[in-house]
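Scrolling down, you'll hit the structures one after another.
Paired with chain B in one complex and with chain C in the other, chain A is shared by the two complexes that follow.
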Partner chain A sequence: MSGRSGGASSGLTWSVLREVKCAELEQAADGWGRVSNRADAARDRIEGQLLPGLRDTQRGEAPDAAVRGLRRLGMNFQYIYTECGLLRTTLNSLAHEIKTQQRVLQGALDDAAALRFTVHADGSVTYPAAGEGLVDGKPLAGGTASGVPNPGMVPPSGLVAPNPNAGKAQDIADRVAQAVRAAADADWRYTRILRSLKAHEGLGVPVATWTDAAADAAAVRDAARGYLRDAIPHDASPAERKAWWAGLTDEQREEYLAVYPDRIGNLDGIPALVRDAANRDNLQLLMGKLEGRDDDDSATKLAALREIDRQLRAGPKAGEPPMYLLGIGDQGNGRAIVSYGNPDTARNVAAYVPGLNTALDKEFAEGDLKRARDLSIASNRHGAPAAAITWLGYDAPQSPDGLRSLAVAADGRAEEGGRAFHEFMGGIKAANDHEDPHMTAIGHSYGSRTVGGAAQHPGGIPGVDEIVFVGSPGVGVDSADDLGVGRDHVFVGAAANDVVTKLPSKAESVLGVAGVGFGGPAAAYAFGDLVDRRNDDVWFGRDPASEAFGARRFEVGDGPPLIGRGKPTIDAHSEYFDPELDKASVDNMALIAAGRSHKIKTEDAR
Partner chain B sequence: MRAAGGADQLVTLLGPVKGELDVAHQGVTAGAGALSALAELGAVRASWERRFEDARKECGSLGGKMRAVVRGQTQANEAVKSGFDGVKTPSVGGAR
Partner chain C sequence: MTVVSAQRRGSLLGVVDRFWRKSDYRMTVINNDVDVPAIYARTQDGFQVSLIVADKGQVHFDVDSPCVRHSEVADSTSQATAFLAPDAELIPRPNIHSDFWSATRS
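This part shows the complex of A and B:
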């Protein structure tokens, strides 16, 4: 091509561009898809059959070495699956971009042929004589136009060629030059991406490999925007998303999973098994990404992700329900949604929303997940299969200074979280195989305010039949009738010694229990505002355990007193889900989640 | 033994990888030279074929090791058994 075309450096000419066989690129992409699937199948077999088989039947040093070897292979296949999947999309996306430019080129060549212009090897276009000369009336001489790859960068000369063919030839030459230039640019970009997608040598999958893989996924995603066109229906309803997913071909699904594991994994309405598979991949990529950072926030989240990864790999112990990762993310305070039991096949599904001070940290990964696991185990003792979910899908308020922050916590987080929880439950309902699954929303602490927020949306929380509040500082409404399920389906557990479920008395304020954050002028000021309200009020409106609220209060343990053994403790706020410390509470919640609320042990309202 | 068999199945599962990639790239190999991305793709493919092959070998070696463990355990069991067989035990009532 001529120097003006700008494509000289790549050596790409329009005739070469025209001959690129995009179907062959797509065929190569399919090959990568196939081998990626083989790697996925190998990983599946290792993690789903071989490792559990070894765990159950063999003990000793040699089998342990076999377990280590298989684990390493499993990681290896996960890495191969991820990267080969990215390769497939990279090639498909390259083909897509080249085809687009081939269409532009072909349009220009067709126009040239129709006008009997000649397009030369360098992209210049020769046009014949035409028009009439002003002086002698003879046709104006023909000529040759050279293309400009970047129109607008060349200022118009001000001289208009009198031959009417000249303008048309210039337009054709420009389109040819632009197509070649754009194709060369794509070639350059994709060459770089391909270079980064080479396999690391050896069999190990060190952390740095996942850090690289995370960067690869981001690069491919960025490049493939035009190809995959991000058709993920983020703004659709969960039911519409379910239908969208069902309508994709296997190949399309595989590509979405390879390129957008984070989006698909966190998309409400997508089947749980698909979300789980996507999130397990995304978990590796997220860990890789956070490994590459050295700030405290990343370290905290990384510890949580590692613990979740450990639990996923360890698999369920005998009698425990399997674990499904329905959501994971590092935005804000972090996100994690874990189900114990398959929420699509379970007849009974309960989701627990944690509250104050919950964030994606190690404590969450151990303690909060255990809450859903224990609840699932207890619920599954009653009839139909049950799943229980820990839902950290929002930024719960953090209170480094104890309850003082609760006093001044705004409703904003709960409203925002409520919207997200509302949508999540819509997804659970849409994806569930049963016509009318029995669904329960459980809010603990500030999480009950979040559930209350979710219930305020028109129609209440989708699919939810029962609402449970434990350790609630108020739910944002004054009556159990205002939650969309009827007062008989609203349940409250409030431990006698749980200070979060009551306003502190004047005496407690005066005591200045600094350790749990009651002290200080700010608190006194906040309490002053609160104490002036109705006597059955708590932090966020009326106490849901009060007579006036109208919910069914169920029996829970008292919990240790605030000032019992010398130093202040608010443990009474944190025992509702612990089958060891508060069996009555767990048993009652399990009965409600299993649709057997007529069997719960009740307690008088406050 | 099941796990050892499973590792062997992985070897079979991964067997066709190189052939599949060969077939899939026939067209682009023939048309190479047009795009620099295609030249790069050759090196990429070679790197993944190596990785697949290493993994496949590892599956085979793991299967072999697991079989050896099982054999070792069986032999040990038999050794223990034959050791006991050699011990003359007063038989009461014949049977045991």
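This part shows the complex of A and C:
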């Protein structure tokens, strides 16, 4: 087909369009697909077998050099996989569009044949005499109609010939012209895309190549919208999505993975292994995209993505849970969902929602992910195979001064995040192999308000049996009975020295807020406390550690005092997950996640 | 991983508890549960040590160093006493018999 500009003047005729062999395009697509698959398998072999084997058994300069060489080879295969996968879908998508126009054309030609009209090489249609003249009653003369590619552009004339064939011929000619024009347009668009799917010279896969690959993926996606994307069931339930994925052929799955790794990777309900594979690919594309930018926000996210990439490549040590990337994205403050342990095969699954000021940055990639990892290790000691997840699937509020400055926005963010978390847990439940997996939702700090929001949806959080709040400034409800799991399955960890769990309520803060400007949260707390001693209310409702709330309080360390090491510190707010600082807290959460909550070490309510 | 029988569990906990107290460790948390007892303690120089009994009576000792600058920690050079497959995702449950610790008669 021609590569010249589109439109009726492209030189493409209807007879050429009719003869285009789309099956050949599809065969070519299959060929690229096979190359892509082989590259993918080769990469898996390098990263899954060769590299770990070398690392575990060899030390020294030669093995180190071999590791570097293999890494580069792995990157090369990754790139081949991505680009060949894009080529495959581009060709399939082109065939899809051409076939659509061939059907339009064939319909018009069939109609013409049935009416005994003649379709000429230039697309005009000749029709015979028919009807009767108004004056003499004789049949009206035949004629020729020329097609108009955009019929809406030509105003209908009031003086059309009354020959009944004229209108039909015009319609046929228009359809032929439209099919030819649409096909020429597709030809032009796909030619451009195929020309851009080119690699740089040489064996290195430099940053620019990945930036380029990210742009390639965007272009192919845009073109293949009609062919692939509309079928992704974004609005379906997690169970329906699982069924949708199970019903696809291998070829279809490969195409979705190659072209829409971002959408498949974040689609709640499909298997964790699929999401992981898609997100690992998308991670490379995202890093490529962000490497092409030089603003602070991109640099912050890029540092986090690189750290996640480093951890994924390092792989687990013996006896440690493997890592699954269940979600990744650069929208808003960034998204990352990481599971330690396979959440589909695990009997016990816990998901942790981080809180205030959490965003996709290096601190998150190191600290927040480690929390799930440590919890997974501890849970696995206490029961059946467990997976623990860090879920950053929403924009947590950002406020350097703490909760006070975001009184208005905060509830909204929690509700939004609650909806997303609700859906995510629905996906975990649907994808899990067990009939009734044991599931735990853990909210830290503001994340506990998000979990509280998720629990307010009808039926509570899907599949969740236990809810844990640590360092909570309130969860949006006043009783452990209102969270959908029963008060015996709601647990609270509140360190004696954690000021966040004692933030005075909004009503009290009207008086207490005067302290913020002078002494930060510490002074504000002191003010609030003076204003109203012995009150159960905290920032987002009743203190979940209070007796009136009715949750079970488990033992955690006291944490360092607010003003004890010379300067004010709120470290007591962030030690709950850290086995190096508060092992008892981690073990208690692990027992709950392992379904052995009757064994936890409890502490009296406040 | 050594099988510590329910009958010997108390002895093990007692030995450890006595030694840690004698060494001036400060006991931070003690879980007295019959099945999953645990002792958490802190040494004078800030190390956290713990002994927990977990699933199937598996005993875990953990030692965590106090706050230091983050750095890579080299793997232990001593040979492990039990085989662990390099791709194992979990530490196996107790599977090694000890005439003393696994005895079911006191």
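Rule of thumb we're sticking to: the second predicted complex is superposed on the first by the 538 of 606 C-alpha atoms of A that agree within 3 Å, B and C clash if a C-alpha of one lies under 4 Å from a C-alpha of the other, contacts with A are read in each partner's own complex, and residues count from 1 in each chain.
FYI, contacts are C-beta pairs under 8 Å (C-beta built on N, C-alpha and C of every residue); 3 or more make two chains touch, one makes a residue touch a chain.
For clarity, every value in this text was computed on a predicted model and none was experimentally measured.
Annotation: superposed three-chain arrangement on chain A; chain B versus chain C shows no clash, the two fitting side by side. Legend: residue contacts after superposition of the two complexes on their common chain; A:601 is shown touching chain C, with no touch to chain B.
By the document's definition of touching, of the two partners only chain C reaches A:583; chain B does not. Judged by the touch definition given at the top, the superposed model places A:46 against chain B, while chain C stays out of reach. In the superposition on chain A, contact of A:320 is made with chain C only, not with chain B.
When the two complexes are superposed, the chain touching more residues of chain A, out of chain B and chain C, is B.
Once the two complexes are laid over each other on the shared chain, residue contacts for A:421 go to neither chain B nor chain C. By the touch criterion defined above, A:540 reaches neither chain B nor chain C. In the superposition on chain A, A:195 contacts chain B only, with no contact to chain C. Of all C-alpha pairs linking chain B and chain C after the chain A fit, the shortest spans 15 Å. Across the complex, chain B is touched by residues 10, 12, 16-17, 19-21, 23-25, 27-28, 30-32, 34-35, 38-39, 41-42, 45-46, 49-50, 53-54, 57-58, 60, 62-63, 65-66, 69-70, 73, 76-77, 80, 83-84, 87, 91, 94, 98, 187-188, 190-191, 194-195, 197-203 of chain A. On chain B, the positions that touch chain A within their shared complex are 2-3, 6-7, 9-10, 13-14, 16-17, 20-21, 23-28, 30-31, 34-37, 39-41, 43-44, 47-48, 50-52, 54-55, 58-59, 62, 65-66, 69, 72. The residues of chain C lying in touch with chain A in their complex are 28-31, 33, 35-36, 38, 40, 48, 50, 52, 54-55, 58, 60, 62, 64-65, 84-91.
Taken together, the chain A residues at the contact with chain C in this complex read 52, 56, 316, 318-322, 341, 380-383, 385, 555, 557, 579-581, 583-584, 587, 591, 594, 596, 599-601.
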